[in-house]
Structures are given as C-alpha cells and as structure tokens.
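Have a look at this one.
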Amino acid sequence: MKPILVAAALSLLLLTGCWDNKDINHRALPIAMGIGYKNGDYTVYLDIPKVSASEKGIEVYSEHGKSINEAIDLISMNLESQVDLLHLKVIVVDKPFALHGLEEGIASIIRSRYIAPKTVFVICDQPLDRFFKRIDDSSNDGKSIYDFFQKDAGWSPQIAFTQVWKIFRSVHSYTNDVVLPIIKAGDTTILESTGSAIMKNGVMVGRLTNEQTLLYNVFNGDNLMGKIEVMNHATVQIVSNRLRCRGRFQQGKPILKSTLYLKVIIVDTTGNPSTEKIKTELKILVTDRFNEIFKIVRRDKADIFGLGQHFRDDFSRKELSQWREKYLPQLQIELDVKTVVRNTGNLKSP
Amino acid sequence: MTNSFNVTLAYIITHIGLIFFIYPTDVIESTSQSHWMPVVTAFIFHLVIVFTYLKGLSYFEGRNLVMIMTNRHPLLAWLTLLPVLLYLLDVIILMVRANAEIISIVCLANTPLWMLMLLMLLIPGYMVIRGNVKSLLRLALLISFLFALPCLFVISASFQNIDWRYVLPLIPRREAFNYLAHPSFYKSLFAFTGVFLLLGYFPSFAKVKMKSIFLGGLVLLPMYLISVYVPILTLGEETALQLQYPYIFAVDTLEIDWLMFDRVTVFLLMSLIAFGLLFIGFTIWQIMYTIKYSFKKWNSTLIVLIVLLIVYTVCLCIPDWQLVDQFLQWNTFLRIYISIVTPSIIFVLGLIHHSKVNRELNSI
Amino acid sequence: MFTLDAVKVHFSTNPDFVLSRIHIGDEVISVTGLKSLINFPQSVHLLREPLLALEPFTVQKLVEMGQELPASSDRIIDEILNGMLIAVHDATDVCISIIPVPQSLSRSISNPLTENNVRGSSSAFNEDIDTNLGLLRKHVNSSELQINHYSCGSMTKNTVTLCFLNQSIDPNLLHSITQLLESGANSDLSTLKDLSKLFKFPLLTLVSSYLVSELPQTASRALKDGKVVIFIERLPFAIILPSLISDMFMTEDDLNHPMIYSVLLRSLRVIGALMTLMAPGLYVAIVSVNPDVLRFELAHTIAISRLDVPYPAIIEALLLLLILELIMEAIIRLPSSIGPTVTMVGGIVLGEAVVQAKLVSSLLIIVLAAVTIANATVVGFQNSYLIRLLKYLLLFLSALFGVTGLLAGIVIICAYLSSLTTLGVPYLQLKQPKGE
C-alpha cells in the first residue's frame, strides 16, 4: 500500500516534467514525404493534413539539407508544431534519387525508427516541387495520396505496392528485388500511375508498364481482382491466381518450371469466341507478356520475382550470393498457364 | 502447496520474456544457414541440464537449493552459491538495461533511460517486498491470464509476411556445426540458462513436477524457433543480420487492416515486458533468498533494497549498448559454469543422499 | 423482593421501565420489563391466561413457563435489556424470564436495496439477527450448519453470530476465526470497522477482506464453498469471510442462467473491470505520449477534436473524472426524487457545454462515459470502489510513460492483488478458499 502512495506522490511530482510529451494536437503528422536528390543535396517535402475543424486540406512544406534528417529538422524548427513522422504513409522520391540509389536513404530510415517500416515507397516521374504543388492545389482532404496506396481503398492491381522494409530486404538479399510504383500528378485525377521501376539493390535499373506490373503482381501471388484484356476478342477478370514453381538444375543451368493457375470471369466479348479460344488467347497473351518482362529481368539482372528463392536448396551461400550476376541470366523458365473460366457472367457462353 | 501448474506457467512466461529481444540476434549471428540447428542444440542442452537438476533435487524431497547447500561443506556451498548469485545479479542488470533500451527505441524516445530503468527495477522490487514467492507464482498466473492473449495474437499474426522458401536449405552441406565455434552461439544460451535455476528454489514452496516442466518446454521450443525464423522468413538471412532486434522489426512490418491500432508491436512489447518484469522479480527474490538463508539473516526488505541499489548503479554506469553486448559475452563463462556445474553438483549430492537414506532404511 | 428493588432503582430514570403486579388468586406476581422492547399488555395477558386457567397456582407451573434465573439483580438487568419479560413470585422470590411478545422494531423481509438480482430469490437480510438466521437456515437446510453466538462488547453488548458448514470449512481457517472472535469478547463490535480491527485486517488496504451481501443465496453459496458467514446484530447484511477475487466477477445469480450465458456474463464483468481501469489511461497515453499506436485516420480525428483544448490530456481527464466522481457521490446523497435532475444537469448539460466551450475533447467524454458505465458491472459495491480508485494510478503512470506506464500500472496492480491474503487465505483464488 505504502509503495502505491509513494508512487502516486512521485508521479504527481514528476508530472511537472513529463519529458516534453507533446499532445497529439501539437504534433504535425505528415502523411507523405517527398525526397528530392541533386548532387548530394536533399530536398524534403512534407505533406501535412490540416488539423482544423473548419477547413480541410493539406499544407506542403519543403526544405533543403545535406541529409534527409537535417532537412526534416529544419522544417520542424520552422513549424509551429513538432513533426512526428511515425504516421508517415507514403514516401515519394524523384527519379534522380532512384537512379542514384536508395540504399543510404533506406538505411537511415530504418535506423532512425521514426518512420514505420511499412511505409509505401513511390517514385515520382516529374520534379517533386511540381508534383506537390499539384497536390497542394487540388482541394482534397490531404489523404488522397495515402488512399491511392491503401489496399482497402484506392489501390488497384496495375500499381506496384512496395513498403520500405521490402526495399531494405532487396538491398541486402541475394535473391529478392522489388518493383516500385511510378506516379505523377494527373490531369483530371490527382495522381496518375505511369508504370513501375525495377530496383536492383536499391537502384532503379529499368521500367515496367502498367500492364506488365499487373502481371508482376499476379506472379507475386497478390490476390487481386484485376482486369486483363484478351486480344481483340474478350475481356476477362482474374478472380484468383496461384503460381507453382519448381526449380532444378540441368547441365549446370538453372531451369524453372512454373505453372500459373488462373480463374477468370468473362466480362466482355467481341465477336463470338468460344471459351476454348479465350483460354488459348489468354495463355498466349500472358506468356508473351511474361517473356517480355523476363527479358527485361535478364537484361537488368534484377530478380524482381524472387526466382532465386526456388534454388536456395541447390546453392551454397557463396554461390547464392552470385545469383543475380551469374545464374539469373542463364535461367530458363518454362511457363505454363492453366485457366479455368469460372463463369461467363449473366450471359451464357457462346 | 501451490500447484505445479503455476510453476510451469511461471517457467514458460519468464522464458518468453527472455526470448524475443536479443536471442534471435545472437542466433542469426552465430550461423548463416539452418538456424534451427543452434536452436535445437541449445534446447537439448537446456533439457539435459533441467533434467539433471530436477532429478538431483527430487532426491531431497521438498528441500530447495539453498537448504541443500547450507548443510554441506562451506567450500562446496561457496562454489555453488556464489557463482549463482553473481550470475543472477548479472542477469538482472542485463535484463533491466536491455528492456529499458528497447522500450526507449520502440515507444518512449523522449523519456530518459534512467527513469525507464528505475521503473524496470521498482516494479519487481515492489513485487518481492510486498509478497513472497507464492504471491509471485500467483502473479504469474494473473499476468499470463491478462497478457497471453495479445502476445499470442501478435505472434501468430507475425507470420503475415513470410516467404517459406527462405527456410531452405534445411540441411547445410558443409560447415554444419560451425556455430559451435561461434561466440554468439554461447551468447544466445542466456535465453536457456536464465530461468532454470529458479526451479531449484521452488521445492520447499511448491510442487515441481518434472513432467509438466517438460511439457512447458514443448511450448517453448516453437517460441524459440518462431523468434528466430519469423525475421529470417520475412526478411531473409542477410537482411535480418543487419538488425538490432530482428523479431521486433518483423512485427513492425505487419499490417492488420481491421484493427484500430497501427502498431501491434506495442502490444507484443508490452506483454513481453510484463513477463520480463516477472522474471526480474523472481530473480531478485532468488538473490534475496540465497543471501538471507546462506549468508546473513538480514531483513528481506533491506536485502532487496540493497540489490536494487547495486543493480541500478551498475545499470547507470553502462554508457552504451556495446558494453551490454560485452557483458553478455563476458558472462558466457559464468553461464556455462552455473549451467553445467550447479546441476551436476546437485545431482551427485542427490545420489549420495539417496543411497544414504536407502542404507538407513535397509539397516532398520 | 429485594432483588427487584435493586432493579427498580437501576431503571428509575428510564421512562419505559414498567413494573406491575398481577394477582392470581392470592398469589402476587411482579412483572417487569422495558415497554420499548416489549408489547406489555399482550405479554401480560399471555402470562396470566394459562395461570388463571390452571388453578390452583403452584410455583412449579410458573417456572415451566420460562427460564428460571438466579436472584441476582445484575442478571435480571441484563435480561431486561435483552428484551425479556421478567416475572417474580413475590412469596418465594422465584424469578423467571419469559420470551414476550416483542415490539416490532424490524422491518419485514423485503427486496434487497443495494444488490439486484434477476433470477434468484429476492428476499434480503434485515436488521433482525434472528430473521437473518432463519433466512439462512431456509437456504441451507443441513445438519452440518453450525451457528455460534458470541456476545461482544464491554459497554454495549452486541450479539455476533458465526455460521459455517462443518463439512466444507477448512479447520485452520475456522480455528483462527473463532480464536479471534473469542479474544474480542470485550471490544465493541457494531460496525464493519470494529470487525476489521478485531480480525487485525490491515488498515490501509484497498481490497476489503470480507464480502458484504444482502442476499441469503450468496451467503449460502459462501457457506457451501467453505467460507464463514458472520452476522452482527442490527447490521442488515451478512459478512462473508474471506473474500476472494471471484467475488468481484461472479454472483450466485449467474448460476440460474444457462451455462453459456453465465460464462459470457462473467467475462463481460472482467472486460468491464479492465476497461474501467485502462480506458482513461489509454486515452492519455495515446493522446500525449504514443500517438503512433493509433491508425492515422483515428489520430487525425482525435487531433481535430482536441484542437483548442488548452491543457495537457492528463489535466483534461482529471477534471472530467472529478466531475463524474462528484456526480456519483451526489446521487447517493440526494433523495431519489431529485437524483435524476442531477444526472441530467451533470450528464447532458455539463457534458455538452464543456465540449462546446472546448474545455475537453469530445472523445474524452465518450471514454469517460463508457468507463463510468463499465465501472458498475463489477459485482459488489465495495469492489467497484477498488477499480474506481486504481484507475487513477494507471492514469498518472500513463501520463508519464505512455503505453509502458499503462503496462507498469497493470503489473503493479496484479502484484498488489496477488500479494493479498486474508487470515492466511490468498485473495487470488476462484472458489474454495485454501491456505497458501
């Protein structure tokens, strides 16, 4: 009992201190951060939704610095409230930064522990000042950029979805690379997706289009309700997808046998194609598109599918560390697509 | 007699309080592949010492470690109890410092460390001063009732981002036992040797059933594996190696849409800290009991206060994490000593005692 | 005759003292007693009728009607104070005490006032110790039921009754209780505080060591579980010893519901208690120390709702809590006809105005209203005091350490509860009180 009283008295005394605990309304909670890079100089933009009962909207602040943290500190200093990055949801970087390499930036984000590792990472296709100006001008409640990448809100399967921790993994892992979405300010909508960037060890080395990104997402096992067009004859919607892979070695060369199981719904047809025809067309389309991507992968030596994962058992760690450079260009993939047309919508199948 | 269920529960949750922070770091450091091997090796080692220890104790029905040792030759008693005391003191220092550090990293960046360490010490101190070991055992029950659910929830949710293929290769081709030569492996043993001594203090207060302790061990093995494998499966071995607290980071990557809370890490951390506080409480009690019944019969409150003061001073003197790591490295010798010598001594004494009793019985 | 004179002198200033003589044939019998305790005319009638009917009068017949007393004035005074009718045969000085027709000073058995139950029997204990014992006997019809009377106090005498079931009680517990009661023969025992003092319960404890209940069914369940029930004359409830943590969450009434519902009801009470303890602390922790725990949307909403609040969250919470405590206390004091007015003024007018004036955030009002409601789910009034108080500990710790402080508070409370023992019985048990 006495210790409780003592503790209560002590806490009352200490309440005067409270270690600069700032109440939530005295903290600025940025939702998106932009990082621009130019010759070793960082420009940081913070997109902070207005905390006000009457007016909605956002405020964008920017500052330069030798490091990301320095720039953030500068903003925090000049702002009437303290910047609290824990609720940051999206980090936008400009293309020069992505081409230069994100490794250091990612490392400092992970180290600083003020930014959650599940923050989404995005590359912006245009200069950041123009991008943020567009967002600032469009009268919205400031969360649009966050909703755009929310899986249960505005996200759609043509857009890559990669968090900070995945990039961090890609920087260090032998067999895993990532794809980052590329966006720019849209003409009619606020944001517009313009494909995605292939990141190898945190450096942007190539690009995928929106359609290719969709297939990438399918391949990576994200369950999505994406639409895909089939030649000129039909449009189908993928309702479930499953990928099965088996890696083996033949004459010192890695071979991956993959089977993609798709379940689709026919959404639209032109002419009167039979279900069989749609299936074969879908197969040709998917295989072609996959080969396209795979060509890029081999060229850039960036293992965005994590293909090396299937060979972990066949390599020693030393060999595995050479996976991207030595084995990935030799890899052969036999892709088989098996499709089930689950239903044909309200109309009977032709 | 408090029933053996409480004892087993205390055994499980104090271990869980030890596992998830530093242990995965050490295991991941100790080998680059097949991490289950160091885990299982250490676990078997743990089972063996626990078995030897409990078997030895079971020969002295209802007497605890201190009672057994104080009746022996003083040299033998010193050889057993002094290292135990030192080790326990060391364990508390490490636990307090590590817990304070991790709280400061995860949720209280602004609060000074001395305050957190004070909190980490005062609460266990209160537990011990206020009650006795039986109330600590009851506390174990109450705490696991309150915190087991969030803890298990987060642990099961932590499988969200894993990629099973990182498990491979399960059996390494060569250099399979290299970890045995790596100092980090011996550092990682602390998660196995921290609690077992406690079992030797119980017999005079509560029933310790060997069978239920081993069943509790079965619950612990998955915990050890999860703590190591979840970060590896989520991030890959190379990446996990970079991190200070891999499991906590792996939990930080979770996204649970329907929860009103953004960071489930905090729930896991809170449960683990609660278990850790209980562990510190038990350890302080062990020290208090040992001192009181083998060295000097001081007032137990006084002993606890002195212990707290010593630990707090040492904790304040540790300036950085580097030194904590060094500490962990240094006490490897002590750790191996108490985990091999103490159970062996008890076992041998137990055998001697047993045969003596048998002879007496036969002569009658 | 001279014994009665001494009695008469003793009571000479008491206006309710009556001494009258009745004549049966030639014999004279003096009848005396306190008319505030005894319905005199009826009692005298009751005494006279059989004696008149059974002529001739013998002393033997008089003695058979009551209990013969030694002719000492002290003893007679005691009996008179206990509410007995004393009859003295003038010729032989034989003195007897007779159970009279009492003045009705107790209310009749009525509904419980502080405890509600849904399905159990709804008769409650009242001030009369014999009524209470009767109720208990009705509920526990067993030859094992043992009832011991103790008369305590030196200045004022008070009867204390100890009831237990021989079969189920732990002999050690019984031994320590009887010994303590016997040792207290000279100390006054009329309030619960006196009882605590007698049993040497710690003075500053937060959890009461006994459970107080108005319901005979609760008392009978306690007896079957091996606890002890104590009645004190003029206290309209049973005192159940020792109290356990289950008393906070379980009522006898639950057992009248189907199993699933009773389990759900009990878990609801546990949730209620946890919520009361944690919600205000959680609010403060999240608002001022750890806003990162919340989802962004929620954090933003809370930030907006706290926009113009001029002081830190802890002060805000304390202010509103103080008002709530005042309302709760005021409602007990006020007559039930004015109570609702206070509720309305306090709850609606004040709450609405305080938000309008931007003195507290609207979320806090919601949190505290939920807490006040949840607080009432706990069984037993004194138990709700416990969590009402302990939530402040969590509140302060949360203001200091955020979520960690909340955790620290919970661990401290757990440590406190698990260290409690009553007469060697740990508090943290579910059903049967057992020794350590």
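To keep things simple, chains are lettered A, B and C as they appear, and every chain counts its residues starting from 1.
Basically, a residue touches a chain if its C-beta (ideal position, glycine included) is under 8 Å from a C-beta of that chain, and two chains touch if they have at least 3 such contacts.
Everything numeric here is computed off the predicted structure, so don't read it as measured data.
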| message | Tell me the shape of the graph of touching chains, choosing from line, ring, star, complete and other. | response | complete
| said: Can you tell me which chain lies farthest from chain A, using the average of the Cα atoms as each chain's centre? | reply: C
| field | Chain occupying the most central position, where position means C-alpha average | value | B
| field | Centroid spacing, where centroids are CA-atom means, of chain A and chain B in whole angstrom | value | 40
| said: Need the CA-centroid distance for the pair chain B / chain C, whole Å please. | reply: 46
| When the C-alpha atoms of chain A and chain C are each averaged to a single point, how far apart are the two points in Å? | 65
| query | So which stretches of chain C touch two or more other chains? | reply | 289, 292, 296, 400, 402, 412, 416
| field | Junction residues of chain A, two or more chains touched | value | 7, 21, 87, 116
| request: List, in ascending order, every residue of chain B touching at least 2 other chains. | output: 111, 115, 126, 130, 262-263
| task | Give every residue of chain B touching chain A within the complex, in rising order. | result | 32-33, 105-106, 109-112, 115, 122, 126, 129-130, 163, 165-166, 168-170, 173-174, 234-236, 238-239, 241-243, 249, 252-255, 257, 262-263
| note | As the complex stands, chain A meets chain B at residues 3, 7, 19-21, 87, 110, 113-114, 116-118, 151-152, 163, 165, 168-169, 171-176, 306, 309-310, 312-313, 316-317
| Parts of chain A lying in touch with chain C, wherever the complex brings them together | 1-2, 4, 7-8, 11-12, 14-15, 18, 21-25, 27, 29, 31, 49, 51-53, 84, 86-87, 89, 116, 143, 146
| request: Over in the complex, which chain C residues touch chain B? Could you list them? | output: 274, 289-290, 292-296, 298, 400-404, 406-408, 410-412, 414-419, 426, 428, 436
| remark: The chain C residues in contact with chain A across the complex are 202, 204-206, 286-289, 291-292, 296-297, 299-300, 302-304, 306-307, 309, 312-314, 392-393, 396-397, 399-400, 402, 412, 416
